[in-house]
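Structures follow.
In the two complexes below, chain A is the common chain; its partner is chain B in one and chain C in the other.
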Partner chain A sequence: MIDFSPQLVQLLSIDGERIPRGDFDSWVEDLDGAALLALYRDMVVVRRIDTEATALQRQGELGLWPPLLGQEAAQIGSARALRSDDFIFPSYRENAVAYCRGVNVTDIVKVWRGNALSGWDPYTVNMATPAIIIGAQTLHATGWALGAQRDDVDSVAITYFGDGATSEGDVNEAMVFAASFQAPVVFFCQNNQWAISEPVGVQAHRNIADRAPGFGIPSLRIDGNDVIAVTAATRMALDRARTGGGPTFIEAVTYRMGPHTTADDPTRYRDPAELAEWKTRDPLLRLHRLLTSLGEITPEVEAATAALADAAAAELRAGCIGMPDPEPLSVFDHVYTTPNATLERQRADYAGYLTSFSAEHDIAEQNGKA
Partner chain B sequence: MTMTPLMTPATVSTVPGLNAPQPTPLSETKTLTMGKAINEGLRQAMLDDPKVVLLGEDIGALGGVFRVTSDLLAQFGARRVIDTPLAESAIIGTAVGLAYRGYRPVCEIQFDGFIFPGFDQIVSQVAKFHYRTQGAVRMPITIRVPFGGGIGAAEHHSESPEAYFTHTSGLRVIAVSNAQDAYSLIRQAIASDDPVLYFEPKRRYHVKGEVVPELGLPMEQAVIVRPGTDVTLLAYGALVTTARDAALAADDEGISIEVIDLRSLSPVDYAVVEASVRKTGRLVVTHEAAQSGGLGGEIIATITERCFSFLESAPVRVTGFDVPYPPAKLESHHLPDLDRILDGVDRVMGRR
Partner chain C sequence: MIKVFKLPDLGEGLTESEIVAWLVAPGDAVTLNQHIADVETAKAVVELPSPFAGVVRVLHQPAGVVVHVGEPIVSFDIGGADEPTDSTLKTDAVAPAPVEQREANLVGYGPAVERGGHPQRRTRTGAGDASVPAASVEPPAAASVAPPAAAPAPASVEPPVAAPARERPRSTPPVRALARDLGIDLNMVTGTGKDGLITRDDVRARITESLPAPDLHGAEPGATAAQPATSLGDDVRESRSPIKSLRKLTAAAMVQSAFTAPHVTEFLTIDVTPTVELLDSLRADRQFADAGIGILAVVAKALCLAVARTPSLNTRWDEPAGEIVQYHYVNLGVAAATPRGLLVPNIGDAERLDLRGLAAALAELTTAARAGTTTPAALSGGTITITNIGVFGIDAGTPILNPGEAAILAMGAIRSRPWEYRGEVALRKVLTLSLSFDHRLVDGEQGSRFLADIGTILADPARVLTMV
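This part shows the complex of A and B:
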């Protein structure tokens, strides 16, 4: 079923034409016009959220933002293939995945405004919060999958990471463990061509997908800007994991159309012609073309989709700007599950120090002196 | 010291699907080596809670290079006693994922010096998850580390890396010194919802002691193992025995040493240490780990801040030198021994 020397799988051409492919088509038979339109709507909304977040960073409302511009198909297609009991271990760019999981848009930016180290309770949406150490989360996914295996359930772990992460020891160790124990985990690599300023060629001398079979893990190399191929591949891998077939590695070939984060300047290292070329492969554009040919795009649909996106952006902006700062003494909260004498002492000392600046304290001091 | 059971010893439950004989859990006082005491503690923890799983290199059929996990594979099966590939970061990282799913993993790091490939997962993930997620995700992971020197081993097999972990918020760090604590504290560590680094002094694995099933004092409490009036001597791990011997020797010279087994290195039980120093006015801290940036310096700074006016003399550290762990033929010079500890005692007593 899965070939060990994968060629790029594409089911939707740049021109928006559906490319039949026998071994994959059965996985996406149910993607009718309405289902494709729903995916399109998701992609439009997350692009709008992403653009708004970038704007909020430029306006000083967010400290940093890692844009996903260009990676919408990879994220939406894979996230929408999951069951609610599957568990996601993302990197820090999977904001579209979080959106699909039902994470509130304000909670998505909480981390990037600096208000918290994580924006949501992972157990409420079965998605871990952003992992910033590159590749570390792939081991967590593998461990979670070992747990699912021991619990005799057919839930699957999926972990997202980039091309840069594939050089990290953790990702390679995760593949060794996943293969040895046939853990139900899907390794979803978004090869967006760039790890900050380093092109993928620095990380991988040949296709990243070629590496997994060496670990005993079948891999798929798919057009990551083709939401239909992403859906098919992810469903195939999930099914394999659910039915005891072990891990699968998916290399979704995509492109980071924006900077690594808002702190980055890709004009220093990237040829503008490359960006122009990838713009022609825009994941939204080609799905829009297909939907148009299917007669799904009407002025009403366009207007409704735009309204949905604008509403999400407005909610994000209001939620972001209206977010209250955390209480100073909460800096001490949740280091441990139980009180810790050393930390309690520091908390008490700092509370006393803060109180010494309060107006009441000043008045009391003055009265004392008088 | 009163022995207050924290947890009642569980009755033996039938583990389904396993045909191996079920050894009787510790239900009465037994004389055990420290290694066997840890083994009994692990066994009891696994009987008590099906979510306890063990991960490590060679921990299955071999029972670990120190045999601490002997027979547990036969009793609990390969789903709970997991011989892992040789990758420390993955041992810790997959334990994180198991903890995410409600498991209580116990990781064995084969030797102290092998912990560093797993350091990032410990420091950046295990220690931070609870804080990062505002309490939503707990990391009840125990990381067992055979530590310290004195066994004539090759490089990377004799180290004392505890200060790296006491410097890391979010971790609890304990070091055991005897069979009873080895048993009681491994069970407490596994039951803790916080991640625990559990340091086992490998040169004491074969020392026997009486072990009762009751778990005694909470693991974060220090214990006065020998009362005294002139000098407070802090030790942990293998050096507790050395410190007791030193105290005995000092008696002959009319010096009364109070020996405290810290047990918990993070947090340090300062209440016990402070009370002792207020009484004796003199403090010596000993550890095998290097001096600079070590636990001794931190403890002395804290005690100096809190008990300055009670101190009769400057506190003294008797520690390993600031050198990489030396070759085996030099380790007796590097490791604090009875004479070096007594030399430190002489210094706080103003006798030299």
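This part shows the complex of A and C:
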């Protein structure tokens, strides 16, 4: 395929060397050894949470899990660039973003265990719960950004979606409205190369980032496995939005190293050589190399990071397995914010239906029927 | 402590998976999340991480075997004391029902993949595009066996099509749950609901259909009684059987009744010689000779008459509604012992029947129960019950109320006993009645009067004249 826009922004090479770049460096000046180590720690912990959740699914404790393996830099770098009053509209794979937002690990897996329709209250962390409908969340983000604009606040909406979602009508509509109203929204696309089993080249003959200018939205194409480039690009886009510059589209080029979800088998459609190639571009590996050269990695730091990750995994496992089953009628609890007569009737009907399962009911019916 | 790991649903909606390889053997120590097996589902080969840290004790399934979701595949000893009962084992006895299997739902995969990433372009056919030779338009794919509608192939040419997967019987989840609890296979049940929907009553009807002939009057000795008294069993000292079917239903009913209705039981022993003489005279009467009127019919009639004088015995405590339901009719239940368990069919509007009608209804009920044709309608809606324990040679007991009813009358065996008669001791026909009633609905006064009324009628049938 012809590469129409070869200018991929990369600030950290695969070998762990910092690549200077005048127009981006100013956005990451404050990223010293300690700050980079904090980002590395986040990435190690979320990878551990992700593998533990995958194991829990294999052990029958979760119904499904969408692994983010390989996308840690894209998620951590962007999430850590946000302000607490910015609002996040994720797809279903942004579990590292939720972790950065302070969502409890047990709450993250609640919905995947089938114990709740959503795992957390969006307003306590300013992050919506996972959107399973592909791309729907981008409309919510544009809408929220229009609201922020009208409230005259400098908070920004950021929405996460994948390469496949850019072919959805919703995403295109969201971009049209964002451009028309110059809404303060950042479109953060993680191009992980695969829309389930469909390679990105099938639906995008040009780079994904090239789509946005057609809507009047400037775009950046960055190395999504480079946490420094991701941080720089996200900060730049957020600043544009905050200062009235309107929306920005970021294509973070990354790779989904695992399956689409635990119900998928990528070996059926993917060349193993491709995975091997991307393993050399692992986002953790290159940051580890940089930190080693900066003298930040010591045996103590390694041990402390591993302990942190293990503790998070243990907390996740205990929280997941110990989760109490929800009350069946709680399914009606958060459908509307105000009481609703139709829903109340459905709740009463369902309560009656549930009691019809019990042996007592059966006996009572058998004997009480006139 | 032994922990059993059962095969989970590794995809979305899968029913089975194949164990491709075990990477551990019994006796191996494993860590949490250690890769212990490769398992192939309809969607993927996945690595199975150990759910426990401990020692592998048993591999329940060898490699190469297709295992249903929910079946145990491996047990671990994780140290510590054994739990008294391992709840993870409780469903082991339930074998997955193959008829209920669903096709795996392959989320994320459409039809067979067309290689090359792009759909093959085909010539579009227009309605008037007759000039295009049919063969070049769109050669039917090899898999397509359906002939064009315009030129139907002879039936004999059509390749045999595999029988379509049989749809599972149509019903509703609560009824399926009931059938499962009772051990009824819905495939064996005929639905009478809308569009053949299987209803609760259909399931219950199936129970009665499958019952061996019960006996309302004579004792059913059963197979065990035929065994020599010295042998209670062969080699085993104990054996276990699952609690299910009618036994489970009866148990639930009895527990519910015994622990919700405060029971009071009263006894009355009476000289029923006049009733026995009355029955003899009826049998001698050409008009009644073939009516088959027995003591049970007289007790039933006496009960109906007594209910009219003390209606609170024929009521129901409706807790949810906070109301007492007074029945203005008597659906008279008669407890029937069957080898499979207790059934209480009832005679509808028994108070309207005369003695002959009651005797006929009792005979009909007996015949239906023997033939296994008791209808669900006859099993529901009882208001008060008689149980004839006399047929077992028993005198008295403390019967438990049929749930929802206010009273149950047990009639004992008629015995010849020395009894006071006209100031002297004489050999008389004596019977004991035992009446249990729900003290929420019935006070001692009403219960006693009701029982005394029945006793009075049996002791002196002519007294009915003072009651009606």
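By definition in this document, the second predicted complex is superposed on the first by the 325 of 370 C-alpha atoms of A that agree within 3 Å, B and C clash if a C-alpha of one lies under 4 Å from a C-alpha of the other, contacts with A are read in each partner's own complex, and residues count from 1 in each chain.
Going forward, a contact is a pair of C-beta atoms (placed from the backbone, for glycine too) under 8 Å apart; a residue touches a chain by one contact, two chains touch by 3 or more.
Nothing here was measured: the structure is a model prediction, and the numbers come from that model.
By the touch criterion defined above, A:Y353 reaches chain C but does not reach chain B. Look at A:P199: by the touch rule set out above, it reaches chain C but stays clear of chain B. After overlaying the two complexes on the shared chain, residue contacts for A:D265 are found with chain C alone; chain B is out of touch.
Of the two partner chains placed by the overlay, neither chain B nor chain C lies in contact with A:A311. With both structures placed on the common chain, the touch criterion links A:V335 to chain B but leaves chain C unconnected. Within the superposed three-chain model, A:Q59 lies in touch with chain C and out of touch with chain B [touch as defined at top]. When both complexes are overlaid on chain A, the residue A:D121 reaches chain B alone and has no touch with chain C. Common to the chain B-facing and chain C-facing surfaces of chain A is no residue whatsoever. Considering their complex, residues 87, 89, 116-118, 121-123, 128-129, 133, 136, 138-148, 150-151, 157, 169-170, 173-174, 176-177, 180-181, 333-338, 340-343 of chain A touch chain B. Of all residues in chain C, those touching chain A in their complex are 5-12, 33, 43-49, 51, 107-109, 113, 117-118, 173-174, 177-178, 181, 200, 204, 248-249, 252-253, 256, 316, 318, 327, 379-382, 402-405. The touching residues of chain B, counted against chain A in their complex, run 53, 79-80, 82, 84-85, 87, 89-90, 92-103, 105, 117, 120-121, 124-125, 128, 130-138, 169-170, 172, 192-194, 220, 266-271. Taken together, the chain A residues at the contact with chain C in this complex read 52, 55, 57-61, 63-64, 196-199, 201-202, 259-265, 267-269, 353, 356-357, 359-360, 362-370.
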